[in-house]
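Per-chain residue numbering starts at 1, and chain names A, B and C are given in the order in which the chains are listed.
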Amino acid sequence: MSAQQEVKQSAAYLAQFRVWRGDPDGGGLEDFKVEVNEGEVVLDIIHRLQATQAPDLAVRWNCKAGKCGSCSAEINGRPRLMCMTRMSVFGRDETITITPMRAFPVVRDLVTDVSFNYTKAREVPSFVPPAGVAPGEYRMRQEDVNRSQEFRKCIECFLCQNTCHVVRDHEENKGAFAGPRFLMRIAELDMHPLDAAPASGLDRKATAQDEHGLGYCNITKCCTEVCPENIKITDNALIPLKERAADRKYDPLVWLGNKIRRRE
Amino acid sequence: MAHVDRQAWDVVVVGAGGAGLRAAIEAREAGMRTAVICKSLFGKAHTVMAEGGIAASMGNVNERDNWQVHFRDTMRGGKFLNQWRMAELHAREAPDRVWELETWGALFDRTKDGRISQRNFGGHEYPRLAHVGDRTGLELIRTLQQKIVSLQQEDEREFGAYDARLKVFQECTVTRVLKTDGRVSGTFCYERESGRFFVLEAPAVVLATGGIGKSFKVTSNSWEYTGDGHALALLAGAPLINMEFVQFHPTGMVWPPSVKGILVTESVRGDGGVLRNSDGKRFMFDYIPDVFKEKYAQSEEEGDRWYDDPENNRRPPELLPRDEVARAINSEVKAGRGSPHGGVFLDVSTRMPAEVIKRRLPSMHHQFKELADVDITAEPMEVGPTCHYVMGGVDVDPDTAAATGVPGLFAAGEVAGGMHGSNRLGGNSLSDLLVFGRRAGLYAAEYAASIADRTPADPLQIDAAEAEALRPFSAEGEHRQTSRDPGPAENPYTLHQELQQSMNDLVGIIRKEGEMREALDRLAGLRVRARRAGVEGHRQYNPGWHLSLDLRNMLLVSECVARAALEREESRGGHTRDDHPVMDRHWRNINLVCELADPQGERTDADPALGQIRLSRRETPPIRPDLLGLFEKDELLKYLTDEELSR
Amino acid sequence: MATGIEPSPQAGATGVQDASRAAIPARHLRTDRWWLAPAVTAAGLLAFIVYSTWRAFANADYYHAPYVSPFYSPCLAQNCETMHGGPNWELFGSWWGLSPALLILIFPLGFRLTCYYYRKAYYRGFWASPPACAVAEPHKKYTGETRFPLILQNIHRYFFYFAILVAGVLTYDTALAFRDEHYNWGHMGLGTVVFLVNIALIWAYTLSCHSCRHVVGGRLRHFSKHPVRYRLWGWVGKLNERHMLLAWSSLISVALADFYVFLLATGAFDDPRFF
């Protein structure tokens, strides 16, 4: 054990941290020198700051294993989960800057008001269960659920929402644009093998464009770039959804085909 | 106080994990206006961490499975200490609870014929766990969350407001359950964001707060798991049972230090992963206890055959119940055959092709790659026991989930005791949340509807709760003056670390009388110091303050664990006594009940030497004969006394 | 409770400088070379634009038997060079006086202009919308692809259909490249190899298109009822993962194929013949 401790001792070093502290009235980056041990992640260092230098430093976190998506922040300007950013990716002399997510209103220190996302979640019509299929009688093939399952890996860290320039750089678009996370939710439901929305008169393909702002997306892929679950948001959800919307709205051939087939 | 905002609801659900959300859905569907209050953001509850699956005897993979087999496995896993009626209800209702999730949009992995796929897990006779890769908990929480949203959308269409009949108060904490005339009248809460206090008045409160793991140093649990519901129940006058039974999951990460304790799902073993010591030996074959001898493979060859041909072979001992595996790992490490970082090796890399590993265990692959820089398709993982689950909890009526002794108080999920006996089987947790979450919601709604004359919350209690919650801000100034509390304010983080260290070292996986007595001494000392826990800054989103408040709860439940563990002089399931290493049939039908020693008095005035918890023994009701009939007599002889059997 | 979508009280500053957000003066805090990718993209695209504009308007040096530059194929006007057995279809007759390349280049240009990858590339590289992730864009307003002209990006699939035709013609051209300069079959030169590589990349790029993935199977709700299309969708998906790589390599290869023909036609280089 003592040999191990020695190793641990020698691996420890002091890192230079700059953490944004403040609230809606203002704030700024504060400098800290803080100990770092082998194998630690950024969230460990924030916790050490809390325990030793700044007991009231506000930070949102939960599982510390990349599964709950609470500790979203921006590290050296890049949106990331603090619990999944290992200190070993930084140089020892590097100053590490931590700020709250910059697309959402700040609450305090590293905590932001993410209610935008919950508002958007409510605007997406829910799964419509198929009529006449009793619980226990749902039959779905694995190949038919794979696509939606990928999107259901989402841990709702909201990093995609945060990094998407449509709302990050344009506050005024927040009303009209659901953001990648919730456009992906629409794609998930539209690809769900048993969703009965069409039968209920709801056309998710068209409403994605008309009501949830799919057209704002210019597929510049930052959502995919920051996704800690490596979900291919753009290629597998947003672009297919754009194509589905095009089926409905911009493709007379498909429109005509559907008309004819429905008549049969 | 006049300035504390009050809101009237029918049912208040404390906690927004699987049990809480399921309870809220049920209460709302029963027509009750329901408030859910949770410490984190909506959808972040600890349930997301559950990986393996939901145990339900749907029989999709093996048709021979049914509720009786599931019941039998559950009782065996819990070493027959389970509240048998709960185990029965759980086994009977779990399939319906899973199927209903599909109607809310859940997408489980499928069998070839399109049904819900089920996987093997420790202690389950047949493949039984409905799952989605290794992120089943996330699927569960997201499905329930989205069902809640869909109910809110209904309300929006009907009443014009999403929150009309179902509202989630996220990032809020309950510090007291309020009572008027002996019944529940509401909860006292604070909002993290603003630090503002408020009262939710309701005749029925459902506790669904999860577990207590944050009292231990090495744990798979998140910061929320501070035993809040356990403590709220105690403080409201409801007893806890079985608190000595704490499950140490056999496979937590052991390295790097910052992630020590984070779970490595049991599916790794269910899908073929094996445990080896530093000699490369599959040591589990040496640790099959007598009660399980006939059920498990005696050779590696037989164990390996089982994965493909479970009909004609017995399962490998890596899939023994969690308590057995955790103890075995502990012994190997103590005997000097551990891995470099003090665990053992869990290997899938030599058992499956890399592609299969990535497909079946994606989040494990991801977790090790990201956090430990280990590629599990190429090298073994290092794992060791980690505090995972508390079997003990609020003593509840098995059918209605109503807490004993406090009308209007209900409890479901990990915070409720009894269901899992002395040890929980993997996969039984998520099904427990759904089965008893629904029951708690249903009966809380029924109870709330039956209360005609609602009594408002008592202003004196509200004042007291507010004063208690604000104490950390005045810790230094006020208490320094009094002779009873000398010294400067204590750092709550330091206190928490000391508590975790004490519980880990002294009331951990292997327990000894002397150590537990020392633990009680240390807890008494910490309790005195915790009263001086002080914080800087203001009330808005102040983590130091929140921790100070959580300390009260952790200290209460830790004392319950230590006292009950000291009292039970046998080893059973999640309770292992070095000085009493065998299971004693005479202890089987004994529940240890924890109650607040001095429910009337001001808690903080209690003499540290006395402790806050009074412990008593209670005999459990005899198991119904038709349920006993599901077992072979020979097996029952290992658990039940002769006189119980002759009844 | 705030819904998060109320407009901020303070007009003027928006985006990351909005009054409600954390007060950080910097537009971004990235410390890596985030500007490199958009700069390289812009430079690469610009280089191609310059080269292709020159070549398209040149109206010369695009045929050297048996090779026809992909920029001029099919050749749809009367003023085309006569290419024996080659893609001469005088749909436009004699009134067209400009370079015949302009007639046909519209289609691959439109295909690539509306391509989901190229959109990302030029939105980032030329428009800085955004320049890189979490780097504030310089524009005051943003409406994305919600209105004219960018709403036209939705017609990508029609360009995809045309792109298939064009790829078909280029395949035909590649087949013709198995002749010698006297139009005898069964020969091969270095140019044949250049054409083979180019057509392979063109097809891979065309088939890896997101619209193709959608048409082939992506639009289906139940793959299990369409096993053949499901399999096709899987293959296209695999290609689609490399859409960016294919977009660039086919862009370069088509320019190289054209340049190779240019070198031959101007006599700067002699096509090495294998047999």
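Quick note on the criterion: a contact is a pair of C-beta atoms (placed from the backbone, for glycine too) under 8 Å apart; a residue touches a chain by one contact, two chains touch by 3 or more.
Only a predicted model underlies this, so the values are computations on that prediction, with no experimental measurement involved.
Peer 1: Using the contact definition from the top, classify how the chains connect: line, ring, star, complete or other.
Peer 2: Drawn as a graph, the chains make an open path, so a line.
Peer 1: Give me the ID of the chain with the smallest distance between its Cα centroid and the all-protein Cα centroid.
Peer 2: Smallest offset from the overall C-alpha mean is found for A.
Peer 1: Taking each chain's centre as the mean of its CA atoms, how far is subunit A from subunit B in angstrom?
Peer 2: Result: the chain centres lie 28 Å from each other.
Peer 1: Would you mind pulling out the distance in Å between where the CA atoms of subunit B average out and where those of subunit C do?
Peer 2: 56
Peer 1: Quick check: how many Å separate the C-alpha centres of subunit A and subunit C?
Peer 2: For subunit A versus subunit C, the centre distance works out to 31 Å.
Peer 1: Indicate the residues of subunit A shared as contacts by at least two other chains.
Peer 2: Touching at least two other chains: 113-114, 118, 141.
Peer 1: Note which residues of subunit A are touching subunit B in the complex, please.
Peer 2: 4, 8, 23, 37-41, 44, 50-51, 55-70, 84, 86, 88, 107-109, 111, 113-114, 118, 121-122, 125-127, 129, 135-136, 138-142, 145, 148-149, 152-156, 189, 192, 195, 230
Peer 1: Per the contact definition, I'd like the list of subunit B residues that touch subunit A in the complex.
Peer 2: 40-44, 46, 48-49, 58, 95-96, 99-100, 102-105, 107, 109-110, 113-115, 132-133, 135, 138-139, 142, 146-147, 149-150, 152-153, 156, 162, 193, 222-224, 255-259, 262-263, 341, 363, 366-367, 370-373, 491-494, 497, 535-538, 540-545
Peer 1: Enumerate the contact residues on subunit C facing subunit A in the complex.
Peer 2: Subunit C reaches subunit A through residues 1-5, 7-8, 14-16, 18-24, 28-32, 116, 119-120, 123-124, 129-130, 133-137, 139, 141-147, 150-151, 154-157, 210-211, 213-214, 218-219, 221-224, 230, 240-241, 243.
Peer 1: Quick check: in the complex, which residue numbers of subunit A touch subunit C?
Peer 2: Contact set of subunit A toward subunit C: 20, 22, 24, 26-29, 74, 76-79, 94, 97, 99-100, 102-106, 112-119, 141, 143-144, 163, 165-166, 168-175, 191, 193, 213, 215-222, 225-226, 235, 239-240, 242-247, 249-251.
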